[in-house]
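Heads up, the next two complexes both have chain A, just with different partners, chain B and then chain C.
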Partner chain A sequence: MEQITILEGREKHVFEKKTGAEQLDISCDTSSLSGSVSQRACVFCGSRVVLYPVADAIHLVHGPIGCAAYTWDIRGAVSSGPELHRLSFSTDLQEMDVIYGGEKKLYHSLIELIEQYKPKAAFIYSTCIVGLIGDDIEAVCRKVANETGIPVLPVHSEGFKGTKKDGYKAACHALMKLIGTGSTEDISKYSINILGEFNLAGEAWIIRKYYEKMGIEVVSTLTGDGRIDAVKRAHGASLNVVQCSGSMTWLAKEMEEKYGIPYIRVSYFGIEDMSKSLYDVAKHFPERPDIMEAAKQVVSEEVKELYPSLQKFKKALTGKKAAIYVGGAFKTFSLIKALRSIGMSVVLAGSQTGNKDDYARLKEMCDEGTVIVDDSNPVELSKFILEKEADLLIGGVKERPIAFKLGIGFCDHNHERKIPLAGFVGMYNFALEVYQSVMSPVWQFAPRKGVKV
Partner chain B sequence: MKHAKTATQNACKLCNPLGACLAFRGIENCVPFLHGSQGCATYIRRYLISHYKEPIDIASSNFHEETAVFGGSHNLKIGLKNVSKQYQPEVIGIATTCLSETIGDDVPMIIREYKQEFKNGSPMPIMIHASTPSYMGSHIDGFHAAVRATVKTLAEQGTRENLINIFPNMVSPADIRYLKEILEDFKVPYMLLPDYSQTMDGGPWGEYHRIPPGGTPASAIAMAGSARASIEFGSTLEASKSAAGYLEEAFDVPRYHMALPIGIKESDNFFTLLESLTQKERPEKYNDERRRLVDAYADGHKYVFEQKVIIYGEEDLVVGMTAFLSEIGITPVLCASGGKSGFLKTSIQELIPDMEELGIKVREGVDFVDIEDEAKILKPDFLIGNSKGYTMSRKNNIPLLRLGFPIHDRFGGQRMHHLGYRGTQELFDRIVNTVIEQRQNASSIGYTYM
Partner chain C sequence: MLLRHTTKEVKEREGLTINPAKTCQPIGAMYAALGIHGCLPHSHGSQGCCSYHRSTLTRHYKEPVMAATSSFTEGASVFGGQANLLAAIETIFSVYEPDIIAVHSTCLSETIGDDLQQITRKARDDGKIPEGKHVIFASTPSFIGSHVTGYANMVTGIAEQFAVSTGTKKNQINIIAGWMEPSDMREIKRLSKELGVKIVLFPDTSDVLDAPQTGKHVFYPKGGTTVEELQSTGDSIYSLALGSISAEPAAIALEKKCKVGFETLDIPIGLTATDRFIMKMSEVAKVSVPDEITEERGRLVDVMADMEQYLYGKRVALFGDPDQLLPLTEFLLDLNMKPVHIVSGTPGQRFEKDMRQLLDARSPETNFKNGLQADMFLLHQWMKNEPVDLLIGNTYGKYMARDEDVPFIRFGFPILDRIGHSYFPNVGYSGGLRLVEKILSALMDRQDRDALEEKFELVM
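Take a look at the complex of A and B:
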């Protein structure tokens, strides 16, 4: 097989754990190398994924058609009511707009769309070109807000102005403008906001039910099954529970500073982390031991049902090897644990946007020989999948064909999944999906097994 | 309800650079490269992958704030160097985006500088540049711009060869394989561009390929200037924007320009043209295909007669489909496209002079909300087009027959045929079955023979 070398400027983003004592030296938190086919997207993408699930707002992309077209109905984020988020709106800027400015078109688009759809708010996303032609989006938004009486929020998500993480921040910034504008009357002292849970395949509903069983009020979910009115009163909660730390920690910190709401970081993937996320919330209310009791009750009931059902998968999957490449590093921690609980080891772990602390923790968790990568690309991923003889790749749509071409299983752990993987039931679904993909008889025909094709 | 018209809602088009990336994917050993933000490359990869189910690496020059202020030259050069090193391509297909176009990067000049600065004796990849600003046209314009730029960069003057160029337009990998089979059966040397029949629909890999095998070799494209003729599909495609147009202009290679050969009449035209260019009769196999198709038309005609459909998609696909539908007695009550060449109506009229009397309405530059508004009035029996019509199909309870690109919610879009007798046969079978299924489902009796 041909030798694949790592690009100059990329070597420092790759680390192989050899001995426990070795110093972790990994470069991350930088912008992608030109020409390296990063799996990352852009600032706009970061904002779009965070705000996307807000279902009673219109999301207008101010720019040429591509940015809106490629994000139309892109996520599996479901709503229990309105579904405005599943429509795609674009100012569809043309050459003349680029020359003479797009403010008028933006204004008319907004007025017409608000009249047609009667949304509770509007988010206006700036794209690359808007950052260049200098449209005063803030002014247009103010004007439209005045005329229509709904919040019209600019999201400064020009694609080239940073990385996906900056897009998360721009989205959080828009949310911060809404938070604090609603009434907090009648909110229980024993209440939380669920942050960074996007209700893919109804996951937020699963999580919410657990907390409600514990006697906790969920004030708002940011942004899964999101509603503008719920976002507006989020400052009334006693605690912020943050998943997908990459996207929402900034918002939690802002809310802590402005409203004195503390936050904890959790993950809902795998038995261990799911249970911990319930216990950690209960611990926050020590004066109510019944909450902890209820949490234990939830965990015990769920695990009692789940554990035996996992054994079939564990038996089949023990000894199999997985590669993980996902957006945020926090998810990899949970996935490593979840995979271990079904007998699998991890030979490659990486993320698009992890930071130094994340990678240090990842190194702690990983077995010897595991490769850790930051902001990787298809060539590198393939190299390590083959070298480490992985049986499974966990990633998103862009990683899927790499797995299938190389003849190994794949589990979609990204925005487009249609099956809930969070919560205890999610752990079952995860194990089932991994099992169904890794154990499929179709791989007997894959050339990697030495079969001639 | 009053409908907003300024904004585009649920677009029936994609952006210019997507088409260019797909076209560049049809050149052997070529890496598509977008000069712009990282997001463009990633979104387009994701969009293409969801249809083709193949890895598709698109490099990006990954603009930052400084890049936008001081120009993209530095980033483009580093990007080209890195792609050359990591992929060892023979060709790099560079397409611009709204960002690099708006700041006014002179890409050809940057490429010239790059060649000077980085020459080290070893051969450098061939660099093709297509200008594809996202704020002009749609994905199909980017597709043609890339094909034209490729020919412009590579084609050379030479003594007239017994060679036929064929530019099939944005068709499926299965369509491309079928066209190649036809040309091989005619035993005529040909240069088909772009050929992504293998790169976008290939086999499994025992080892990692930086660039998947397949595609039209640069050396073959070089011969295009000495071909005897070019056949170019796409009624709305102007010579000034097309590859065959360029070859005619620069090398006097005659351009035979026709609609996408869908349906018997247009397929006949295509085979007749091949016969006249090659001075050979079509192989009997194709007469067999045609006979089976005529027979199928007879067997199925009652199911489809006077059915009303809305057809949407790229303009040339719409024209080809409209010709086919009208020859089987289906009325395309609306022929719609998000594209806006200005030639959609005249192209349809050319093939179906009595279109107005038949009740065929044509609209270009529309989005899915416009199409939905029309559907409420026109009440079609079903819709024909890509997956993106599903939202309105579901909402209005109108069946959708999927074809073209993208097919994101069904399996096998890349293996779907549309062209020639074979493609028409496949489409006809699917259309008849759509009608039968609809009737069967609506029946209170549940006949097992239909």
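Take a look at the complex of A and C:
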């Protein structure tokens, strides 16, 4: 096989777990090397994906057209009602605006939009050049909020001001301004907010139903199938349940500090983690043993139905190997467990935005020989997929065609998933999707992987 | 409720764009650069730009799309991006080993005033560009023009920075491809071969973005115009620019630098635009048109005749990019259809003038707008006020098509939800046939769906 080398300066972002290997000292939480073919995005992207599912708000992108065009309805975050979030609004800044400033254009755009759609709130995203030309978007937002009477929230998401994670934080910052402005009357003591669940393919609905079956009130989902009124009263919940740790932990910490709401970290992927996320919530209310009973009931009913249906997939997939490269590291943990439950091992695990603790935990979980990568690139991914003879890659849009060119299966665990992968039913869907792709007859028509012709 | 957010009443908007019928320059530059063999496009800006462009191109082509980024940080934005770009050039040549790096700017690097010419010259002076390797650049500020402008700027950069005039003419013709699909470029090459004309086509994304499954991920697929070919364009006898917006600027640059004469034609979409292309090729290269091509033409005309009763008067709304819209509109008129609404987000008086001229002569009542606020929201409003039988445009048209319950044909960029555009051309007579087939299938499927039982026809 051709030897593919790792990019210079990237050695510290890659680690292979071996017996007697050196201490894990993976380099992460840094911006990418200039000139690398990184799979990462920017601050704006982080803010946009977090706030996007809020369906009854206006999302106005203040900048040249591209940022609005590329983020127009690309995330399958579904809404049960209004769908304002699926439109693309931009101030489409031109050269003259860059020279003379875009505040006037922003103001008029906002007034026009709010008049037309009567939204519950408006989010205004700053893009790179807004940070440079010095538009005072705070002032414009204040003015429009005064004139229209709705919350108009600036999101400081200039692309270059950090990584995608900083974008998550800017989004959470905007949400924090809404939280605490609604009435908490009639909220049960046994209540939660679901944080970091974006209702891709309707996943939040599945999770919400489990908690409701346990007798728990879900005050708000941040931000899947999101509504401004629900966000406003989120401070009335007794517990924050945080998924997708990268995006929402900051918000959970802020809410803990400001409103004294404790939080727990959960994951809804795979039987083990899904069950745990129900039990952990139940444990939070020890004075109500019936909640734990109900949680057990939910798990037992679901697993009873799910477990036999997984066996067909497990039989076919046992011994197959997977490579994982996703946005957040927390998801990787669940995926490793979920893959194991259908007989598959993980030979490559990586993320775009993991931190030191995440990677330490990843190392602990992984088998010998597993390669761990941070902020990887197509050369590295191809190299390890071939070397480790993976049969499946789990990733996002840019990784899909690489897997297919290499002749292995693929599962989108990112924005473009088409079926819910969360919850118990999600585990079935996940197994089915992996099975369909890995066992597809198409691979037998492909030249043998990595063999030199 | 799905996306039923378009109001019927058209109001003047001050600044606001809703559902754009364009995107920004850099993605066009990236696409053009992928049409050079062994080239790694490089985005000089924030990481997100590069990521969005790669994702969009990947969704459109279902292919890996490689490009690097300067990964701007706050520091770079204060002190300028020179250090980032110099470091990037070094990294790219040592690790990804392209023959060429094609750098394009972004709104960010343009606003802070980075001068790509100066920085790439410095890279050369500092010995950061290895022997036999190249760095080219194009200035592509996102706040001017559209993705089409960015494509044109990069193609111009390619022509300007590669073409060499040795003093000895070569018996070949440059064909400068306006924004078209790999399948279209392949078809242009096939037609030229049939005609017996030696051409240099650039850029050429065939065998790059329609690559076969090989069991390998190849960083630089086998397609793309080579450096030698690009250098030789300065010695060609003539250039044909296909598209006044996306291709002509490169032809002008070539004429200026190497005195290669040129003519601008429409992208050969439809019967008459293809006629003009074939006749011009035959005239410039002094070859006669072979029977095979005449017969291809005959087959298209035959189908147009066979089906004329199903096409007559059908009302069409279309949106997209200037160089495609012009010949497409002409073709619809040749098919005896009625273009009712035309929208393009790409600004420019040249396009406005050319389209007006075509419409004034053959369809003066057509609604047409390009540039600012010429977006899909406006098109949708027009459709609500004056309904159509068919909508033609990129994937985003599906919202309007669904809302208005109108048959819809995907055409243009991006197409995120169907395949075919990479493999089956829209240009040439065979491309015309494909378009007629698609139009008829869309209209007739609808007719079958809606027909009363007694009017449900077996033979159509």
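Rule of thumb we're sticking to: the second predicted complex is superposed on the first by the 444 of 453 C-alpha atoms of A that agree within 3 Å, B and C clash if a C-alpha of one lies under 4 Å from a C-alpha of the other, contacts with A are read in each partner's own complex, and residues count from 1 in each chain.
Basically, a contact is a pair of C-beta atoms (placed from the backbone, for glycine too) under 8 Å apart; a residue touches a chain by one contact, two chains touch by 3 or more.
Model, not experiment: these values are computed from the prediction.
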Have a look at chain B and chain C on chain A after the superposition and call it: clash or fit.
clash
Does chain B (first) or chain C (second) touch A:83, or do both, or does neither?
second
For A:37, decide between first (touching chain B), second (touching chain C), both and neither.
both
Which of the two partners, first being chain B and second being chain C, lies in contact with A:379: first, second, both, or neither?
both
Contact residues of chain A, present in both the chain B and the chain C interface
7-9, 31-45, 63-72, 86-95, 97-98, 105, 108-109, 112-113, 116, 127-129, 131-133, 159-162, 378-379, 382, 397-398, 400-402, 404-407, 446-448, 453
For the chain B and chain A complex, residues of the former touching the latter
1-11, 13-18, 33, 36-47, 49-50, 53-65, 67-68, 75-76, 78-83, 85-87, 97-99, 102-103, 133-136, 138, 203-208, 210, 388, 391
Sort out for me which residues of chain C touch chain A in the complex.
1-3, 5, 7, 13-20, 22-27, 40, 42, 45-56, 58-59, 62-74, 76-77, 84-85, 87-92, 94-96, 106-108, 111-112, 141-144, 146, 211, 213-219, 345, 372, 396
Considering only the defined contacts, which chain A positions touch chain B in the complex?
1-2, 4, 7-9, 31-45, 60, 63-73, 86-95, 97-98, 105, 108-109, 112-113, 115-116, 127-129, 131-133, 159-162, 377-379, 382-383, 386, 397-398, 400-402, 404-407, 445-448, 453
Which chain A residues qualify as touching chain C in the complex?
5, 7-9, 31-45, 63-72, 81-84, 86-95, 97-98, 104-106, 108-109, 112-113, 116-117, 127-129, 131-133, 159-163, 378-379, 382, 397-398, 400-402, 404-407, 446-451, 453
